[in-house]
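Look at the two complexes coming up: chain A is in both, with chain B in one and chain C in the other.
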Partner chain A sequence: MVVQTPNGFELDTSGRRIVVDPVTRIEGHMRCEVNVDDAGVIRNAVSTGTMWRGLEVILKGRDPRDAWAFTERICGVCTGTHALTSVRAVEDALGITIPDNANSIRNMMQLNLQIHDHIVHFYHLHALDWVNPINALRADPKATSELQQAVSPSHPMSSPGYFRDVQNRLKQFVESGQLGLFKNGYWDNPAYLLPPEADLMATTHYLEALDLQKEVVKVHTIFGGKNPHPNWLVGGVPCPINVDGVGAVGAINMERLNLVSSIIDRCIEFNRNVYLPDVKAIGGFYRNWLHGGGLSSQACLAYGDIPENANDFSPENLHMPRGAIIDGDLSTVHDVDLRDPEQIQEFVDHSWYTYGAPGRGLHPWDGVTEPQYELGPNAKGSRTNIEEIDEAAKYSWIKAPRWKGHAMEVGPLARYVVGYAKGHEDIKHQLDGFLRDMDLPLDAVFSTLGRTAARALESEYCGRLQKHFFDKLMTNIINGDSSTANIEKWDPSSWPDQTIGVGASEAPRGALGHWIRIKDGRIENYQCVVPTTWNGSPRDSAGNIGAFEAALMNTPMARPDEPVEILRTLHSFDPCLACSTHVMSPEGEELTQVKVR
Partner chain B sequence: MSQIETFYDVMRRQGITRRSFMKYCALTAAALGLSPAFVPRIAHAMETKPRTPVIWVHGLECTCCSESFIRSAHPLAKDVVLSMISLDYDDTLMAAAGHAAEAAMRDTIERYKGNYILAVEGNPPLNEDGMFCISGGKPFVEKLRYAARDAKAIISWGACASYGCVQAAKPNPTRATPVHQVITDKPIIKVPGCPPIAEVMTGVITYMLTFDRLPTLDRQGRPAMFYSQRIHDKCYRRPHFDAGQFVEAWDDENARKGYCLYKMGCKGPTTYNACSTVRWNDGVSFPIQSGHGCIGCSEDGFWDQGSFYDRVTDLTQFGVEANADKVGLAAAGVVGAGVAAHAAISALKAAQKKTQSSKEEA
Partner chain C sequence: MAGRTLILGIGNVLWADEGFGVRCVERLAETHAFDADVTLLDGGTQGLYLLPFLEQADTLLVFDAVDYGLVPGTLKVVEDAEVPAFLGAKKMSLHQTGFQDVIATAQLMGYCPDRLILIGCQPQELEDYGGGLRDIVAAQIDPSIAIALDMLQALGVTARKGQGDRSNLADPSITRAAYEQGRPDARTACRTGDDRFFPGGA
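Entry: the complex of A and B
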């Protein structure tokens, strides 16, 4: 059967059905099913979120000042971004402004997360879709050294001996017969295109990145006390600054600042010497594999983030762009208003929830979340042993958020498309340079590879921004401002009886929003719409498919039984399922009935 | 299993010298808090043992435990994964997916019956027939039971697997259930925390590999070496607590001087963990050092003990809020008061636990 979706995809379910469950190297639990035609090309795609935790109902009745800690536990991979979004939502609701230093420190922590998350994503979750570590055993270490020096002349770890050592270690690991994480990989699949030397170089950097990432996060440790899950504070940041006085070892002092500064430099170095050159080198070998564009060329959404000046969330003040692109029209970037009940709405016709009546879309402030787990009539298997999903019915624990009715892609590529369309100077410069280096047209960006490249470019940009905010913090301290928290409205007795607020951020995986309603000093309602809810969304009432599903369409598979291409494209979004599938309410209870003007 | 090398073989073949190997053993001993006398024993263990297979499954969780694990500085995560264990299944990091991934798990279970370690991150939800967490089309709890059946021992990583953590906070809508309430016939080591400290995680694994036995556990099933003391007991700000010097408001003068965070709701006095000794991320800091109180994330039910900014209990009656001068005049008395306060807190805590467990059973 062939179905035409309103957002322009032709779904053909007549071919063979392929099931991938669990989808691995992601955060959380996810299932994917596709139909392939006789030529092995994907003609229908179904993405199912397979977990659900219910944090928002747990938040009801709690102290709003605690919400950051609960929501931070939505995700330990993008750790901190939910906490930041939460304190922003509470501050918005209560009219709390934060000091400049807190803005700089929060920005550094958020940018640090972006860099960490992007690096770990590329090397430890995504690389094995492009890189074949077994093939690296065939590499000539000398030729690998030459390749390394050619793609990144400034990277010091490039000698033939270095690569020989890594190769030996890898060899002995493989020969031990215990393949560990590489066990049952698809290592003879023709979808792997790298020569052995590139495989060895990239595998080596897998290990280098593993060592580096534990250093990157120390910025969180210094300002937030630990990572994963650093501490945050409504009204500012919890770490005081004291560069002169008695007891300065109990606060941010010169030693702490020096450590932050050195880590920032290491991030910049790694992005420039390893991450970006690797993406270009690997991308060069896959430059003809430009599948996976999905919604990116037609519908992209970004909320924007990283305010230059504290407390100002207008687009002009944000280093990361805000805006929406629809219908593939890059000449018009629409502004995005998270408060407008007509803009962001969630649909549940194909999700394991019910709104009572079909076809309804609800703004998060009006949201209702009532679970209804049931499989469609054409599903195969049973309720507790799903063999095949029936996507014509309900099929995912993820809701379907839509912006003015459109299914949207969010994330690094969406940010870069929006930024490029808005003429964002840094983004435009980076993207044009990348395309020039790769000798590819702008259209090539709308692909799995483009998503992966945008993430690397963004990591580089975030490295520079992190330094900018460090310098800004230092300047402020030099000028005598060491304030880090505004406690005027810390005491709940200073709060209004009822208030509502919204907080937004750009998480590593894309646009993130938290909506809060506070009553009598307690959380009356809390709603999150997260990046993977957008990207991983199922079909909506109108039949529009979501970004994961769209991106898988029309991709040829070298061997349909080996889901290398499916993983490659899904991973390019960096799926985070714990984030996307946490909404919940007690049976039958309406979470909110808030009217917003 | 004949082709499986010992840990030492692997290290040697990787070009690591005998001398470096012994140095490594010494570092491991130090990391575990053992005397130099243990070094030869560790070396012997590593010379004669194959890499132990580990199956690492994920239930309802946020993956912060995996993220913490890869932050380990000693030993490095890459050395654990390449040279110490054989991480044969881990949905977060493994190359294979779908059927191939499930086959990898089956194969390890078949080949190493009774000889692999099962590491559990997250927990199974029991409501909705377990379908709030689906893996391979089936409830995660089935996968957990299957993987546990032939495991040598189970490690419950983090607050989720050990106690339930955030999804089990009231009203626990999915009935997220800690591992030990589902698997009752296997030795289980709880390594709580949200997440646990990286070096505590690798410390527990290295201990098990080195000594070929479970670490000494306390009554709650936690390794005594990391969880037998309160954060407060070894907190570097403890002298300020004893001297009655407290932060009164965020970013006040006392905060900048690094005074005690007790009045800001610090849960250090009731939290058993190694944060104030091992510290976080290669010893860089820990929550209190960075100015925020401990939120008690390694304690059972820490989400439901009131706000993170509520004081753990009212200690005024014991006089610890006296100013530094008064404390100086009666130092000996204050030490006694401190002990009494701790006893009171412990008693309160025990009472809370009791209430909680009786509710769980109810």
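Entry: the complex of A and C
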């Protein structure tokens, strides 16, 4: 059967069905089913969140000033982004403004998290879709050294001896049988295109990135008091500044600020000398593999983030762009209003929830999270052991958010497409330069590779922004302003009986919004629409497919029973199901099962 | 000798008995103090963020809710080479594979602690969103701490009665008492999913 979706895809379910469950190397749990034709090309794609999300019900009735501490616990990766978005939502609801220093510090924490997440994602979650660490054992260390010096002349760690040492270490690890991190690989699949030397270079940087990421997070320890789980505060940041002091517990002094500054410099250096050159080098070998664009060429959404001046979320004050692109028209960037009940709505016709009546979309302030788990008539298997999803019915624990009815892609690529279309100076300069270096046209950006490249470019941009806000903070401190919090409205007696608010941010994986209703000093309703809700959304009432589904369409698979290409494209979104869904079923399998039917 | 010691609680406090490990270190810090070479840490569901702490430890003691397929509330202690396998024995929660990967990564980098001790408790209930520990699991906090203190004592790590270092533990708003007592009633905040998540319920 062939179905035409309103957003321009032709879904053909007649071919063999392949089930990948769970999708590995992501946060949380998801399942993916595709149909492939006789040539092994994906002609239908179905993405299912296999966990229930419970955040909204947990927050009901709690103190809004504590919401950040709860939302920080939802996810194992973007703790800080949820906390930031939460305090913004509460501040918006209560009309609380934050001091300039708090804005700079929050921005640095958010940018630091972006950089950390992007680097960890590329090297530790995504690289293995392109890089074959087993093949690296066959590399010639001397040729690897030459490759490294050609790719990044400024990177000091490039001697043949260095690569030989790493190769030996890797060999021991693999021979000890603890394949651990490299298990579930399809290491003889022809979809891997790198020569052994490039594999060794990238695997070496996998290790360098592990060392770096330990340093990067210290910024959170310094400004948030501890890490993991840094402290946040409605009204500002919970770290007093005392540059002269040495004794004050928890206060930010010069020694700590100097450490922040040196970490920022290390990030900038790593992005320039390692991360970006690696993406270009690896991308060069895959330059003809331009699948996976999905919705990115037609529908992108960004809420924007990193306000230059405190408390001003207008688009012109945001370093990370805000806007929406629809129908593939890059000449028009629409503004996005998170308060407008007609713009962002969530649909549940294909999700395991009910709104009572079909076809309804609800704005998050009016959001309802009422589970209704039922399989469609054509599903195979049982309620507790689904063999095959029936996507014509309900099929995911993820809701389907839409912007004015459009399925949208969010994340680094969406931000870069929106920024590029708006003429954002830094983004345009970076992207044009990247395409020139790679000798690729703009259209090449709309791909899995483009998504991966945008993340690397963004990491570099974030490094520079982080430095900007560090300097801004220092200037303020030197001028005698050490204020970091506004606690005028801390006491609930100063709050209105009822109020609503919204907080937005750009999480590493995309646009994140928290909508809150406060009544009598307590949370009445709390709804999060997270990036993976957008990207991983199922079909909506009109039949539009979501961003994951769209990105898998028309991709050829070298070996349909080895889902390298599926993982490559899904991973390029940096999916995080932990907060869009909830704990998996008790019978969770340890290894990914790939079934071809 | 134990050398530098990391006492780590992992799990998600928001999903009922999943919070067992975090509650153990919280209780330990309320009742015992250690010398400066012992770190108490609420690891939550974090993965790679925990690496720097592992790097700085010679001995790692982990409290966690682990599904061993035993009677709820049963404690089980495993050591050293057995630990990673048990952490990944059955993926009941989000963090277990994550922490297994953390140990594998520390091994790859050559700084996995020499001694590993896992004190696990069989959970009774995980599918209670916003819920606290069940009585039978909560009752195992003090016995778990007693086992931990004995094992640490044997390694030369001594604890003193009294308030310990809380600086790496949970924010006061989600410590056990505040979290469990501050929970709204079931009418205000629905607590469950559906039969898919209750073994035998479907």
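Details
As a convention for this text, the second predicted complex is superposed on the first by the 571 of 597 C-alpha atoms of A that agree within 3 Å, B and C clash if a C-alpha of one lies under 4 Å from a C-alpha of the other, contacts with A are read in each partner's own complex, and residues count from 1 in each chain.
The rule is simple: a residue touches a chain if its C-beta (ideal position, glycine included) is under 8 Å from a C-beta of that chain, and two chains touch if they have at least 3 such contacts.
As the structure is a computational prediction, the values presented were derived from the model and not from experiment.
Considered on the superposed chain A, chain B and chain C are sterically incompatible, since they clash. Between chain B and chain C, the partner in contact with more residues of chain A is B. In the superposed model, A:537 lies in contact with neither chain B nor chain C.
Judged by the touch definition given at the top, the superposed model places A:563 against chain B, while chain C stays out of reach.
Once chain A of one complex is fitted onto chain A of the other, the partner contacts of A:185 are limited to chain B, with no touch recorded for chain C. In the superposition on chain A, A:73 makes contact with both chain B and chain C. When the shared chain is aligned, no partner comes close enough to touch A:7: not chain B, not chain C.
By the touch criterion defined above, A:210 lies against chain B and chain C together after alignment on the C-alpha atoms of chain A.
Of the two partner chains, neither chain B nor chain C is touched by A:447. Looking at the shared chain after the overlay, A:63 reaches both chain B and chain C. When both complexes are aligned on chain A by C-alpha atoms, chain A residues 27-29, 52, 54, 57-58, 62-63, 65-66, 69-70, 73-77, 79, 120, 124, 169, 173, 178, 180-181, 207, 210-211, 213-214, 217, 225-229, 231, 371, 373, 383-384, 578, 584-586 touch chain B in the first and chain C in the second. Those residues of chain A lying in contact with chain C across their complex are 27-29, 52, 54, 57-58, 60-63, 65-66, 69-70, 73-77, 79, 120, 124, 169, 173, 178, 180-181, 207, 210-211, 213-214, 217, 225-229, 231, 370-373, 382-384, 522, 578, 582-586, 588-590. The part of chain C that touches chain A in the complex is made up of residues 12-15, 18, 42-52, 55, 84, 88, 90-95, 98, 100-101, 104-105, 107-110, 126-127, 129-130, 167-168, 170-171, 173-174, 182-185, 188-191, 193-197, 199, 202. Those residues of chain B that touch chain A in the shared complex are 3-5, 10, 13-15, 50-51, 53, 58, 60-68, 70-73, 76-78, 81-82, 85-98, 100-104, 107, 125, 128-140, 165-167, 169-174, 176, 194-195, 198, 237, 249-251, 255-259, 275, 280-282, 284-292, 295, 297, 303, 307-309. Partner chain B is touched in their complex by these residues of chain A: 19-29, 31, 50-55, 57-58, 62-63, 65-66, 69-70, 73-77, 79, 120, 124-125, 128, 165, 168-169, 172-173, 176-186, 207, 210-211, 213-214, 217-218, 220-231, 233, 235-242, 245-251, 259, 371, 373, 381, 383-387, 397, 482-485, 487, 490, 562-563, 567, 578, 584-586.
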